[in-house]
Amino acid sequence: MQGKGLLSGLKVTLNRFFGKKVTVHYPEEKLPMPERFRGGELDLDHQKCIACGLCAMACPNKVIELTTQTDEQKKRHLTSYRYRSGRCLYCNYCIEACPTNAIRWDKNYENSRYHRQQLDVDCLAISKKKAPPAAQDSAKEVAE
Amino acid sequence: MPKTQTYTLNMGPQHPSTHGVLQVVMELDGERVVQAIPQMGYLHRGIEKLAESRTYAQFIPYTDRLDYVSSMGNNLGYCQTIEKLLELDIPERAEYLRVIMAELNRIASHLIFMSSVAIDLGATTGMMFGFRDRERILDLFDMACGARLTYSYIRIGGVREDVPPEFMAATRQFLADFPEMLAEYHELLTGNEILYHRLRGSGVISGPRALEIGLTGASLRASGVDYDIRKAEPYGIYDRFDFCVPLGQTGDNWDRYRVRMEEMKESAGIVTQALDALPDGPVMAKVPKVLKPPPGDVYHRIENPRGELGFYVVSDGSVKPYRLHVRRPSFINLQALNEICQGLLIADVVAVLATLDPLMGEVDC
Amino acid sequence: MGKPMQEVTGLFTIATVLRKLLNQYLPNPQWVDMVITLVNIGAIFTLISLSAVVLVYVERKVSAYMQMRVGPNRVGPWGTLQTVADMIKLMSKEDIMPDGADKWLWILAPVLLFIPAAAVYAIFPFDHQAIFADLNIGIFYFIAVSSQATLPFLMAGWASNSKYALVGGMRTVAQMLSYEIPLVFSILGVIMLTGSLRMSDIVAAQQQVWFVAVQPLAFVIFVIAATAESNRAPFDLVESESELVAGPFTEYSGMRWALFFLAEYANLFAASAIGVTLFLGGWQGPWLPGWLWFMLKTALMIFIFMWLRWTFPRPRVDQLMAFGWKVLLPLALVNVLITGIGMQTVKYFR
Amino acid sequence: MSKQRLKSELFQALQERYAPDLQLIGEDFQQAVLIEPGRLLEVLAYLKADAAYQLNHLSNLTAVDYKDYYEMVYHLYSLPLKQSLTVKLRCDASLAQVPSVTGLWPSADFQEREVYDLMGITFTGHPQLRRILLPDDFPDHPLRKSYEFNPVEEKG
């Protein structure tokens, strides 16, 4: 019977009109991100980092640029760690490559910026700001 | 006889219904199509060239960006190609997880197909329904690998990591809800007479001609050619599953639509079987940190939602592929566009584009 | 009994009070007439522009709710000021004229489209005796004026110097001319029953029973043809976003484009109002004031139009034509025939 | 995987029929036949039509740049007999010209245009050999190993 499908379609839309809505009011209401969510920027823990450079090597797109320095105890330290999120493929290779779990995603997906330069993140500075020098020293002591 | 003149109409690359940046140069006689020549390349990123400067493992994220609504299939195809070259055996659990992911992705991709058919024919609400349910699948992927579109989940030698325990229950819940969703699509779209009359009988291509011109996947099966690589040349563990291949009869828009709608059901069936048979164990084979396949070349193809996806890899024994070529189904399927569209109306070109389902990320590579 | 209440709040009563008030201050009764007329015109234009603003918002909300979304909710409470924000945005946009456009036609088209859309409001009986011009050829006037909308579409399509716009313009002519005929024939059934073209007579004839009960087929034909006449989905082949981008409006931007939009919603309101007057008993109804009934019924009609729009896919242009000429027109003619037979039978038995 | 290679006796038969213009190369999944460019169309037409082969589906067509020669690779598949065959062909780098197979498989149209576009191999007999992915005025063929990429500095 022609027209039956039309009526059933009208029924569906009317039901949905009075039914429950599936979207959320985004900025006020945020959906939880799953545990494995890959997104945002790299969150570096410079105290864990052994400056091996495996993350930069694993990266398919040369997103991570790091420089190192060897100190008097023949231990390597990071001198800079730049993460260019504008080029990132979010493939997780760097995190998988890290032997000490020094990097992880900060899971903040709201990373739109007004200028391209702002997409470059100096992870080392952020990490140092987070862990004050006192804590750094105590961590060193523990390590020694 | 009044003298008439044809005119050229550029559809795209900025047009609401060319699925990205496809340009179709149409020669029209009134509203009748004399010729519809696809012009592509607006999204060309040179992925094949990029592959030559990436290691074998590093190329996986790039395969995500080929057919970006069925990345799992791309990952699978690429990884199996390299595994074939390495002659690597995959743990059972990983094989099953791969099938689950690939088939869920097929459903998600076909939901996009349905949505784009709906919106190209003016049924905006129908589109929303498809996207709503696709979200459910994306949530599952998000749970398993932390990404919603570019998964990079399937890796050379297995899968990235085992799925979290709640994944099983959530997948089963989705599968339980799926028939209800299909019923809703039927009430709103498939059973709709306007949609039926829009698609039925237009954009016909015969089976033999479809094969000649290189159509693969659901578009070929809609013309009645029984060719599904999962059946014809089973890769992975597809020979262990019981499913049928939906076929069309006439090869018109309606058949292309119906075949994909039926395929979703079959895929859901495969996922159920795979979930039931999922063994315990490791999900990653022993793979050396640095992959150096022996020199040689290999071609492997899988059945992706859009057709036959093939990877041709030439190795020179180094860590990077010497040459990598992707046989992209969307690209080759587009060859049929001109032939199918001749003599149709503008509105039908849109419908044909929707049912051929090309994806520009894949076409332009 | 709600009669007194209805009379007190009726538009006619308000007009009478106003007239009395003016009589005290103005020396000449002609002046009073003029002021009243101006007030009427002002009220109608306010209605048109307000209805467009409200309808755009309503349409967005309705579509959102049918698609399980919440729709605009940012500007103002529940997003009610969204349309205002959009209007401001449209007004501040650059006015771009395509290269090689036929300048005068291009400028005139949106204005000319708006005139018939506004002119039909003169004959709507909003309430008892609240009708701007109760012409004795009221419904004929509606058909005559609203069919003028075809030309501006073609003008816009031709003048834009764009092939999409031209194809859209051509489609408009074909579609609007074809669907006018079933529309007129569906109205004819009602006119046969009332024996008058005057709007107030048509409303008065529905005192006992609404014509939707007597002429259900005509009502269905009217709704379908009116959808096609106002170029709304599923018969929005003129715009048909997925094929022609936006049809004749493709090249318009800013305020000119907004005028098209305004005209579209004015047309939607007009089609609904005519539907209410012809089939749903006009302003008549118990307890509530007449104009409120009229508005409520119109709102229902508008909801039906929106409901159709957000449910159905769009037919193809040849199918649309075939449906209009091969299905709708014969049905409308059959309806006229049945109405005639029915009338004669009733007459015979009386 | 790929259990559906051509049976070895069919390989042998092919070699006997077309020797010396046809060689068997590679083994296992890399097994392929190498044809002289001059006899390509003849052999492919036979492979497509002969009842024992029926390779009616051209799955893939591509080219590899081996610096001193280009290798064309055709991956054929037979739907009715479920067997596949890889056909290779070498053409001199200075010549870079091979016959087009669009007459046999129309599906080669876009693929040959792609190879022409990216690898710079000319297909004789192709109905409309022009660039497909790159702009028409693009100067070079990027998939060639000799291609030098001159990156434009990223704009901030």
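Read from first to last, the chains carry the letters A, B, C and D; within each, the first residue is number 1.
Keep this in mind: a residue touches a chain if its C-beta (ideal position, glycine included) is under 8 Å from a C-beta of that chain, and two chains touch if they have at least 3 such contacts.
Bear in mind the structure is a predicted one, so any value in this text is a computation, not a measurement.
Visitor: More C-beta pairs touching across which pair, A-B or B-D?
Guide: Of the two interfaces, A-B and B-D, more C-beta pairs touch across B-D.
Visitor: Which chain's mean C-alpha position is the greatest distance from subunit D's?
Guide: C
Visitor: Return the distance between the CA-based centres of subunit A and subunit D, expressed in whole Å.
Guide: Distance between chain centres, rounded to whole Å: 43 Å.
Visitor: Could you grab the centroid distance between subunit A and subunit B? Build each centroid from C-alpha atoms only and quote it in angstrom.
Guide: 29
Visitor: Take the average of all CA coordinates in subunit B, do the same for subunit D, and state the distance between these two points in whole angstrom.
Guide: Once rounded, the distance between the two centres reads 24 Å.
Visitor: Just curious, how far off is subunit D from subunit C if you go by their C-alpha centres, in Å?
Guide: That pair's centroid distance is 63 Å.
Visitor: Tell me, which residues of subunit A touch at least two other chains?
Guide: 6, 9, 12-13, 16, 22
Visitor: Can you list the residues of subunit D that touch 2 or more other chains?
Guide: In subunit D, no residue touches at least two other chains, as defined above.
Visitor: Can you list the subunit B residues in contact with two or more other chains?
Guide: 125, 132, 188-189, 192, 194
Visitor: Can you list the subunit D residues touching subunit B in their complex?
Guide: For subunit D paired with subunit B, touching residues are 1-4, 26, 29-30, 56-60, 62, 64-65, 73, 75, 77, 79, 82, 84, 86, 105-111, 114, 118, 131-135, 142-143, 147.
Visitor: Which subunit B residues qualify as touching subunit A in the complex?
Guide: For subunit B paired with subunit A, touching residues are 54-55, 57-62, 64, 125, 132, 135, 142-147, 150, 152, 160-161, 164, 184, 187-189, 191-194, 196.
Visitor: Inside the complex, what are the residues of subunit A that reach subunit C?
Guide: Per the stated touch rule, the residues are 6, 9-10, 12-14, 16-23, 25.
Visitor: List the residues on subunit B that touch subunit C in their complex, please.
Guide: Its residues touching subunit C are 7, 9, 15-17, 31, 118-126, 128-129, 132, 188-189, 192, 194-195, 197-198, 345-350.
Visitor: Quick check on the complex: what are the subunit B residues that touch subunit D?
Guide: 40-41, 44, 46, 48-49, 80, 84, 211-214, 225, 227, 232-233, 235-236, 296-301, 308, 310, 312, 314, 322-323, 325, 327, 331-332, 334-335, 364-365
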